[in-house]
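Residue numbering begins at 1 within each chain, and the chains themselves are lettered A, B, C and D in the order written.
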Amino acid sequence: MTPRDAIETARKLTPRLASRAAGYDAEGAFPAGDFADLADAGLLGLMVPARLGGAGAGFADYTEVAMALAEGNPATALIYNMHASVTGALALTPDDTARALGAAEEFFAYRDSVLRAAAAGALYAVAMSERGIGSRLSRVRTSYTPAGAGWHISGSKAFCSGAGHAQAYLVAARRGDGRGDGSDSGGGRDSGGDSGGDSGNHKVSYFLVPDGAGITVEPTWDSLGMRATASHDLHLDVTVPRDALLGGVEGLTLLIAQVMPQWLVASYAAVYAGLARAAVDTAAADLAGRGLHGAGAVRARLGRADAQACAAREVVRQAARRVDADPGAAGTSRWIWRAKLVAGDTAQEVAASVLEACGTSATRRGHPLERLYRDARCGALQPATSDVCADWLGCAALGLDPDAETPRW
Amino acid sequence: MTPRDAIETARKLTPRLASRAAGYDAEGAFPAGDFADLADAGLLGLMVPARLGGAGAGFADYTEVAMALAEGNPATALIYNMHASVTGALALTPDDTARALGAAEEFFAYRDSVLRAAAAGALYAVAMSERGIGSRLSRVRTSYTPAGAGWHISGSKAFCSGAGHAQAYLVAARRGDGRGDGSDSGGGRDSGGDSGGDSGNHKVSYFLVPDGAGITVEPTWDSLGMRATASHDLHLDVTVPRDALLGGVEGLTLLIAQVMPQWLVASYAAVYAGLARAAVDTAAADLAGRGLHGAGAVRARLGRADAQACAAREVVRQAARRVDADPGAAGTSRWIWRAKLVAGDTAQEVAASVLEACGTSATRRGHPLERLYRDARCGALQPATSDVCADWLGCAALGLDPDAETPRW
Amino acid sequence: MTPRDAIETARKLTPRLASRAAGYDAEGAFPAGDFADLADAGLLGLMVPARLGGAGAGFADYTEVAMALAEGNPATALIYNMHASVTGALALTPDDTARALGAAEEFFAYRDSVLRAAAAGALYAVAMSERGIGSRLSRVRTSYTPAGAGWHISGSKAFCSGAGHAQAYLVAARRGDGRGDGSDSGGGRDSGGDSGGDSGNHKVSYFLVPDGAGITVEPTWDSLGMRATASHDLHLDVTVPRDALLGGVEGLTLLIAQVMPQWLVASYAAVYAGLARAAVDTAAADLAGRGLHGAGAVRARLGRADAQACAAREVVRQAARRVDADPGAAGTSRWIWRAKLVAGDTAQEVAASVLEACGTSATRRGHPLERLYRDARCGALQPATSDVCADWLGCAALGLDPDAETPRW
Amino acid sequence: MTPRDAIETARKLTPRLASRAAGYDAEGAFPAGDFADLADAGLLGLMVPARLGGAGAGFADYTEVAMALAEGNPATALIYNMHASVTGALALTPDDTARALGAAEEFFAYRDSVLRAAAAGALYAVAMSERGIGSRLSRVRTSYTPAGAGWHISGSKAFCSGAGHAQAYLVAARRGDGRGDGSDSGGGRDSGGDSGGDSGNHKVSYFLVPDGAGITVEPTWDSLGMRATASHDLHLDVTVPRDALLGGVEGLTLLIAQVMPQWLVASYAAVYAGLARAAVDTAAADLAGRGLHGAGAVRARLGRADAQACAAREVVRQAARRVDADPGAAGTSRWIWRAKLVAGDTAQEVAASVLEACGTSATRRGHPLERLYRDARCGALQPATSDVCADWLGCAALGLDPDAETPRW
């Protein structure tokens, strides 16, 4: 399967996802049927290199796939986004870069096995956020300590999309033994941590934690929108093998946030750009089906929404092209933050306006616009929020270093 | 109870309503506890003259009461608004005006009994809208025919807030015998109808239909917002006594829409002005409670929302004062439409912005802002919609007759 | 002349002001004809007590007068606002309050003479802002020192509306001798200064400086909008008599900013509320005159603009009523900041939208909408700017002390 | 010169244009220095095929050049846009298409001479609009009649950018002899007219009228913004040779509006997208230069403006790519209208917000933001206006034929 095939496949799945979306939303249920379809179609291997059985896609390809899925069901696309972030970050980090970051040689075989499993249908989720700290990596409280040949991880995560349905979770945790980085040998080489402090417990590291005993899902997710993402709380009290520490290197999380902001900031953007498009198309079909072409106010709302939705999509695509062409560049980062801001705000504005165009009948539960309206409100609130994006972009426009100016993670 | 007492009473009830709002919303249940409180407090008699046991309130008093109730639970205030419309229109039409419209003398005793019952705790609802026609009175399909000494009414209504919980329904129906206005004697005097046509079946008349056999509630209301209004479908196949025809005069509905637009257009406005206020106050309490004072973006959202909410309230109050001072005047009508437009749009904008200020935690079901955000979306969509209001006001500003320019009812 | 007479008089002047506005704007000239009319009509004595020959108006009366003048020419109203601020602050400070602030007894005779002159046609202006510091009183660099029986004032002011046309200027200046507050006797009693510091040069004081030698106007005002306000730079190198120090007390400026925020924050609001009204009415007349009633988009713009303009006016009026009823109260202050925010933003939005409704022909210089569009942009930028107002109001909503949170002056 | 060279050249000229923009704006003068530079650089031949001495650019190339020029001086870019429209429409119409429209063989040599002159530095302007009809081609009153071997054209045009400085004007005129199309032989073949009516005087045709006797410029252009475009009135009482009738075919104007909407609708878009970019960059430089990085409200304004400006540019670029790839397609047309809508609205919103961020000092005449703010207001008002675009796009979204639904030209 080429990336182009994958995009076509995703577009063909759009109507199937759309037809099931109301049900998953009503029940607040993980879209199991959608993910069965995605696995069958090989789309869980989108980011996996061809040599490992995947489509070998880049970020722009991901963006097209995610937009197509979101046009069907934004919640499904949001869970998929997390899986793509894990597999994409693993697949697209060049070996040399990984080595420069300190990756042990055994990491590469481990990574390949993880990716090969995805191509075969394994689903990965991200467990980064915690209650009260949002997605601020620097404040993570979940901790890890050396345990035999591996690690013990203990703590609680929130907003973990796909919780209970993933084969493994990408978990951010803080070195918790309090004894610094050099005094024990359990944990691979030391990258220097994220703060340069004298104590190893500043290190926040990534682990890929397999589902199983020690992983408990608390079904807390009961939200205004994106109800089918199963973004429940996840409690960890689990021992993992040594290679679960990604790269075999402690303290990489903040570095990765700055090197690959696309997966933390802009991968959502495709979801909300797709959602905005779906809202316009759904509204147009609803109005046309009811013979309501005539009113000027209705036309004006639809016309402006169409232009806004298209604009958001172009921004997201341009950001994605930049990520592929010049990953990590300062100019690329600006596009990433623009994409998040524009997509999140546009989804909300477009959904609100076309719902108004369609009127009270579209506010009944079960009507797709009722659901899209609720889903749309979530985009600007997901990290980085629109207000944070605006500040980041304002700093950049002023020639400041937006990451230095205010800690974002 | 004076009007001032009633307003104070309503304000004291605000916290009780707020404490129950999440439950009624979750169940989509009529707020029975709230209406028990309202009846106990005598607030169902707000518009009833003192001589009949009520508070003898005017429109401005109603506005204050409705805003206070909406600060507690907008859905409760919306049902209350319908009750106030029925009792207010009856109570505030001068006897001379009623006689000039053709009211029979027996009407006045009937009216007094209806109002006296409200003061004693009876709840009235409005059944005007129908599927596919919205609230366009001129297109009503529910029909009535003479039946013995009374009338038979047959048809279906939609969006009837309080359905199944009212003691009587104000029903708009069209004379359906096809035999014109003069040929039978069952129905009181003829006011000439709303169209001057040659056939009586143009007449759309108001009936106050007691709950009971022949009234069936179909529980269709399952909506994005205002979930507790029980705005279900109502099916009528019922015979009512002669005096159920309001005023004893056929064909008054459109006339009343033009003479008393406040009850059709602006009575909602107080509900959404109160909702906007509640959203700001709830967000401020939520943020302060979490210690989130610091962020400039949060302050800016809250500050602008506060100013917008206050502006909406002032517009609604000014409209109400005009209604009391100069009912039916052209200038008063303009304020009525302004109030509906500003309150509906402001509620939506304010709720969306403060939810964004409070972040993802406020989007969990059960959080008051999650509910207010959904409730707030309904205002601009209720008749007259914001787009219709804007057009009406634009016509008026241009010196046209907005009611003649485009049929609004 | 009663306040009501004054309001009627102002409304009668509106068309005269409107007829001359284009000329003054084109030339960037002080509206001398307008001020001749205002003086003739006695409106320069609006705030002056009746016992001194004035109308004895309150803040709400001022608001009505300023809105009426702004409907004719916003620039004229803006200059008038400065005059009203000086006379209003003098007239409406109770004698007891003045004494409590430390006012010497001779102050009252001086104050009466100043006010009597206004009633007779004297115009006063405000010279508070300076380049690079805006209107931040705490950063004023213009300095004063004792000089014989009086004071010597030296420095430069910017944005002094009416510069070159006033009989006296209210000047904020900082005690500049560097010798502290107690060590010399030249300057009346010491109120303790605004900072509690040990050095008298923290004191920023108000002087009413008569026009004459030592006052130089540098014609710098050449602005996008409000071109006729003659808001030029003012250079001072002048000795004034002892009683030019207002109240005979040093260091009062910040105190007054907090006690009477209406004159610093909300008095502009009436100007921009009137401007918004003028923009709507002008656009309606322009469109009607060209027979352009038909287009839905035009009606919608006009209808929304009408509602917004009316909302702004109600907020401004409510703020004014609060000032009169409960000056200095915390709740009153919130209304003052709301009025500034809403009026400034509304003027801009309304003018931009109705200009778009009227189309390219209305962008020709000389067309009133072309001028109003430029004038309207200035409101949100004048202190306190809209962004500052939003922050202030956000702090207040969160229960913080907005004046303590961030220094505003 | 390749198209890529041309784009680079334009970008190098940006600072020169920017440095002269204030002067041309202040004087309301045609930017003669800019056009001398453009002619010297060969940019007047941008759209001219290489075989005729030009750069052989496509629409996407034009878009980049126009954005670069607009970043320097939007008024210059707007005049250039008209020149590019004339040369681009001539150069990019395939010979086969021209023949299918009825073009005589002698047209091709004439066309080549026109284009060759442009490559050598000739400037062309467009004289389409008339007072009271805007740009509605179907209502054109300027008339033409056969006159000897050529045509006599008589009438008045408005908003003719570059008037008095062009070597020839593209003039839309209506066959005015009233005798129908067949009865005289003066005017080439009949394409059937634009209305299918029975009378030839329905035909509205294009002429390229050389400057000279019979062409009078009335200096009426004195506008809010885009003051340097010299968009004066043009009075025509002139006889032109036979081949001045474009294509040698009468009645082509409306057809061309539908076949090449890019030149009538979207070519402006690049100008306003460039303007928006210039506004953001100018504001950032202004703020950074004054050390005003700190305020959150300033950053937020700048960050959002940056994202909006980038979004507009991407929409304009996507539309341009579509024009090149699939000219005349329905999907291409939708992008064209989107580009006009988004660019026009974005320019206004961005300029208003960044001016507010920079504050009163940026409103002084001579400050680039003061000018850009005025220029920016013009985009949404130029045909097709934003409101017309929204309606067109709403029709298209609803599956209607937007050109049939309402006559746009």
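Throughout what follows, a contact is a pair of C-beta atoms (placed from the backbone, for glycine too) under 8 Å apart; a residue touches a chain by one contact, two chains touch by 3 or more.
These numbers come from a predicted model, not from an experiment.
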item	value
Intersection of contact partners for subunit C and subunit D	A, B
Chain pair, A-C or B-C, that carries the greater number of C-beta contacts	B-C
Between subunit C and subunit B, distance of the C-alpha-averaged centres to the nearest whole Å	43
Chain centre separation (subunit A, subunit C; CA means) in Å	52
Contacts with two or more other chains, residues of subunit C listed in rising order	295-298, 300-301, 387, 390-391
Contacting residues of subunit C [partner subunit B, same complex]	280, 284, 287-288, 293, 296, 298-308, 310-312, 314-315, 317-318, 334-335, 337-338, 341-342, 387, 389-400
Footprint of subunit A on subunit B - complex, ascending	134, 159, 222-225, 295, 297-298, 301, 348, 352, 355-356, 359-360, 363-366, 370, 373-374, 377-378, 380-382, 385-388, 390-391
Subunit C residues touching subunit A - in the complex, by the definition given at the top	295-297, 300
